[in-house]
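Look for chain A in each of the two complexes below; its partner is chain B in the first and chain C in the second.
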Partner chain A sequence: MADTAMKPAKMISAPVNWKTWLGVAPFLLFAVLFLFLPSLRLVTASFTNPDGAFTLENVAQLVSEPFILNAYKLSIQISAITALGGGLLGFLMAYAVTVGGLPKPLRSMLITFSGVASNFAGVPLAFAFVATLGRQGFVTHILKDYFGLSLYDAGFNLYSFAGLSLVYMYFQFPLMVLIMAPALDGLKREWREAAENLGANTTQYWLKVALPVLLPSILGAMILLFGNAFGAYATAYALTGGRIGIVTIQIGAQIRGDVLYNPGLGYAMAIGMVVIMAVSLAGYSWLQAKTERWLK
Partner chain B sequence: MSYLSLSNITKQYGDAVVVDNFNLEIAKGEFISFLGPSGCGKTTTLRMVAGFETPTSGRIMLDGEDITDKAPNQRTVGMIFQSYALFPNMTVAQNIGFGLSVRKESKEMIKQRVDEMIVLINLEKHAHKYPYQLSGGQQQRVSLARALAIHPQVLLLDEPLSALDAKIRVSLRSEIRAIQRKLGITAIFVTHDQEEALSISDRIVVMNAGLMEQVGTPFEIYNFPQTQFVANFVGSLNTVKAEVSDPAKGLVTVDGVQFITASDIKSRKKGDAIRISVRPERFSFAEIQKKDNVLDCTIENITFLGSVVRIQVKIGNSNFNMDTFNNPFLELPKIGSKERVTCSKEAVLVLDE
Partner chain C sequence: MNFASRLRKVPFWSWVWFILGALYFVLPLFATFEFSLTWDPANPLKAYQRAFEDRDFWETFLYSNILALATIIFSILLIVPTAYWIRLRLPEARRIVEFITLMPFVVPAIVLVFGLIRIYSSSFNVPFTDIQLMQPLTNFKAGTNILIVAGYMVLAMPYMYRSVDTGMRTVDIRTLTEAAQSLGASWYVIISQIILPNIRSALLSGALLTFAIVVGEVTLASFLGVDAFGPYLFLLGQHRAYEPAALSFVSFLLTWLAMGLLQLVSGGQGQAAGAH
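Up next is the complex of A and B:
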């Protein structure tokens, strides 16, 4: 029999009419005004002192000031924890409504909820949690009055690192649901049946087929979740009032200038965040290249 | 003695009966095709043998063992899917070795078996490629090798050629048959393509609406269909209403034109309404003196179909198709001309409704 392996078709690029560029012009303009120029300003301002002179002091402080290092540590911790926790919870929920075979209306409800909740952040989210799980929150009261369980006596504190992580989870896991549900839908029933037919049990199927197939999506989602938490400011500020010094809050403090005022240092810290995200994305790209080598 | 036995198999989803009292005995090494239209229950029956569906009632015995309630991964049954179902994250070699790997076979044994299978399907140069780098035909051959690698007791093929183009389909079906014969493996092949079933099978089970219509060799199914459905589904067929004119002599009348049939109509009464069927290729213009039915006709239309020329003739008031091999050196009749066609009495079938 003749071998007829498929070869990718050569791309033929048609000449692009200049009018076509008009369609993307608003986007390009937006990107220049609100992404490239601010980024440029960020870089130049990082090397400027409050008097406007060139300095390396801001960048040097990034690795020498304990409060800045601690801010990065806290931000990375909360981002990693909520990315992992939210990712796992979101994955399990997406699994339950897709492959798990729960009733279809439940899937619609979860996807709709996730669409809303993944964008529910900032002051409204902080207020919602204060109203439910704060010291005077109604859930806190219900648990205490009807079940005799005092959350705060048991060590829970909404305004702590753990509390902030819990609040972040509220928008993290829905994002994971939104990303993973279509990926799980993409698992073909025949793969599972073929694996079973060949003698595999459920664990073997998931370890050898399903998870490797899903891994690029999972990695992509996790990095997105990490970035989502890493850049969050308003939620943390509204909930803790700056008591938990994550990087975004420290940057705000340097630029707002109530007590501290060193915009140059704030910009340098922002550059540090960009570097951390860039390293994360590079790591993701490397892992993705390793795990997606079987894709077109 | 039968190797695979399906006894009184019924499958219901709620009130809908998808497979109804299916009985079949399959000998070891036999190649059986389930043939029928979409929704006739052929794939459901196959999936019950694989263990993906559980019969509502009935038993499935394989080599003397009752496997009805066994999980799919506890049966040694290889299955080939229409969509290939190759694992996209594995190379050809890894796909073929998957079944042995999950059965915890040794690495040496897996490598040896994978190499054997790759040679069997003639894909030595592609062992380290991923499925997306292969054509549909190559993917299906890998799927075949993967199913065979575990030494299955039965090979199940669920419309394995449907997604392939015509040429690959024909060559791959020959290859599947050759490999099945070489290994002597028992196989069940599901298809809705009558040509595929006729060309590849030892026996064909024609199914309709969950019921077995007829079981027989391709020769029997094509030449001696027992029901109207089988006659219509397998091959082209002329079917017309007729009236019994002499049951003892096998004479029937179609719009005043008399036909003689070899089918037994002695139990019918004169004047009974029946339906007779004649396959288009059973009519001919030649050797009129040797035939039982010699019929005056008018040529209504001629259609060139490549290797065959289909001629529509009017006999009495009824239209019939006749097929003749294309021969560029023979002159075809003209449209509108008066001719005589003939067919044997064995060609005139009286079918059960």
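Up next is the complex of A and C:
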């Protein structure tokens, strides 16, 4: 879109002077100093042994060391589960306030609240859930006193994988709401009317028209949620104190160096994260390009 | 749609999803608030009094706000001229700069801080010699402050750049610039007195998002050893029960305030995902 608009102008105007590029030099310098160099340093360091020689050992450990494989598995699992769960709940809520027929004021209320909740993370969020679903938590007590259901006797534990997933959901589904509400607005009334005129019922309309149109944005949003959870550190650390060994926690342990200090391995794990995030972002921008066709 | 068909379509499931989600939102906040009041039945606000009496709270909280302010100012100084220049003179750079502003999504905070520490914990020497130009940034306070503000600028970059760029799209930068130039304005006057005031709501929304990301951030602050509010709250949570709950509730209200203002200035376009 922007490219085709740019081309004629480019032919008319004089070739870009190198001095013109100086205008973005400070930004590029900043990016090099504080984004690219640190990232590149990790790449080179993950192929270097403590004596400074080239090695593939760290990268080999990445796929052979059970605790690292397990860390990636946990991180991917928790990100995928909360992306799916948060994505589903977020989609349904966005649906409810856009085309679902709820009163208009609820919509702006939900959007504002989603803006807050998607930013409410880290330490305060962990504390809030301890007060809610911890052993002495508010909901734990209500369920016990009024419904006779003892969560902790039933095997639930907030400081576990399931508990951490519930906490992550708190910043996951609001993000989905924020992304999906505009996308659902993009569903044109004419499409529904056309489908109904041709004799389609509601289910057929959703399965054959609405969902196929929305699918790229739903998948794209879920990838974003995946990345959102994958990079999370503070929330998990504050809640479990590092007992659940997701990748970010393991990398943190490598930097702190209190238990298992092996920087080379830490670098390699960090690079592994960057690769996974890069792949998901590439998937996201590909889906984003597909979505824009419909939302114009 | 007539009344009968509207009645037929009472959005039952819509209400179910909405209420389910609303409970998810509200219960943890209510539970935190309720818990923070239970310390002393005679004085429900005791947890808040104790939390606010702590000097460390004020010091770390003030410090985090200063860091947020510094991040916002330097981000604006860096990003506004860049976005402006790209729109005005250098559309060729758009793709690469947009790509760079997305990079922080790919490099999680924990990875970024790992990289920053590895690079800047060694001293700067004259190339190929042992002559030291500057000691490692991680070794002295001002150096650490530079590192953490730079790190926060990186974390906030996607949001700040998008806000500013969107703001510049809505006002006609080129015409404004040409008009100012024909009246003899200098570049400094053009940017500070014409461009900045015209994109102030975009700047404000970028600033509020940055604020929400920086105040309470834990990962960068704790690994760089900075006494900011995030690590303080974390440590407090290790030793105390009621004050952390009170402060969690307060920091929720602050996020609420920032996002509420954001809604006001941006008309509901704001979204972010900060330092989880």
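FYI, the second predicted complex is superposed on the first by the 240 of 296 C-alpha atoms of A that agree within 3 Å, B and C clash if a C-alpha of one lies under 4 Å from a C-alpha of the other, contacts with A are read in each partner's own complex, and residues count from 1 in each chain.
One rule holds for everything that comes next: a residue touches a chain if its C-beta (ideal position, glycine included) is under 8 Å from a C-beta of that chain, and two chains touch if they have at least 3 such contacts.
Please read these numbers as outputs of a predicted model, since none were measured by experiment.
By the document's definition of touching, of the two partners only chain B reaches A:195; chain C does not.
Of the two partner chains, neither chain B nor chain C is touched by A:184.
Of the two partner chains, chain B is the only one touched by A:204; chain C is not.
Of the two partner chains, neither chain B nor chain C is touched by A:219.
In the superposition on chain A, contact is made by A:38 with chain C only, not with chain B. Between chain B and chain C, C touches the greater number of residues of chain A. Shared contact residues of chain A, touching chain B in one structure and chain C in the other: 6. The part of chain B that touches chain A in the complex is made up of residues 50-52, 71-73, 77-79, 81, 83, 85-91, 98-99, 101-103, 122-123, 125-126, 129-135, 137-138, 141, 146-147, 150, 168, 171-172, 175.
By the touch criterion given at the top, residues 1, 3-6, 188, 190-191, 193-201, 204, 208-209, 212-213, 293-296 of chain A touch chain B in their complex. Contacts from chain C toward chain A in the complex involve residues 9, 11, 13-15, 17-18, 20-21, 24-25, 27-32, 34-35, 78-79, 81-82, 85-86, 89-94, 97, 100, 102-119, 150-151, 153-154, 209, 212-213, 216-219, 223, 230, 233-234, 237, 244-245, 247-249, 251-252, 255-256, 258-260, 262-263, 268, 270-276.
Only residues 2, 6, 9-10, 16, 20-21, 23-24, 26-28, 30-31, 33-35, 37-39, 41-42, 45, 89-90, 92-93, 95-97, 100-102, 106, 108, 110-113, 115-129, 131-132, 137-139, 168-171, 173-175, 177-179, 224, 227-235, 237-238, 248, 251-252, 255-256, 263, 266-267, 270, 273-274, 277-278, 281 of chain A touch chain C when the two sit together in their complex.
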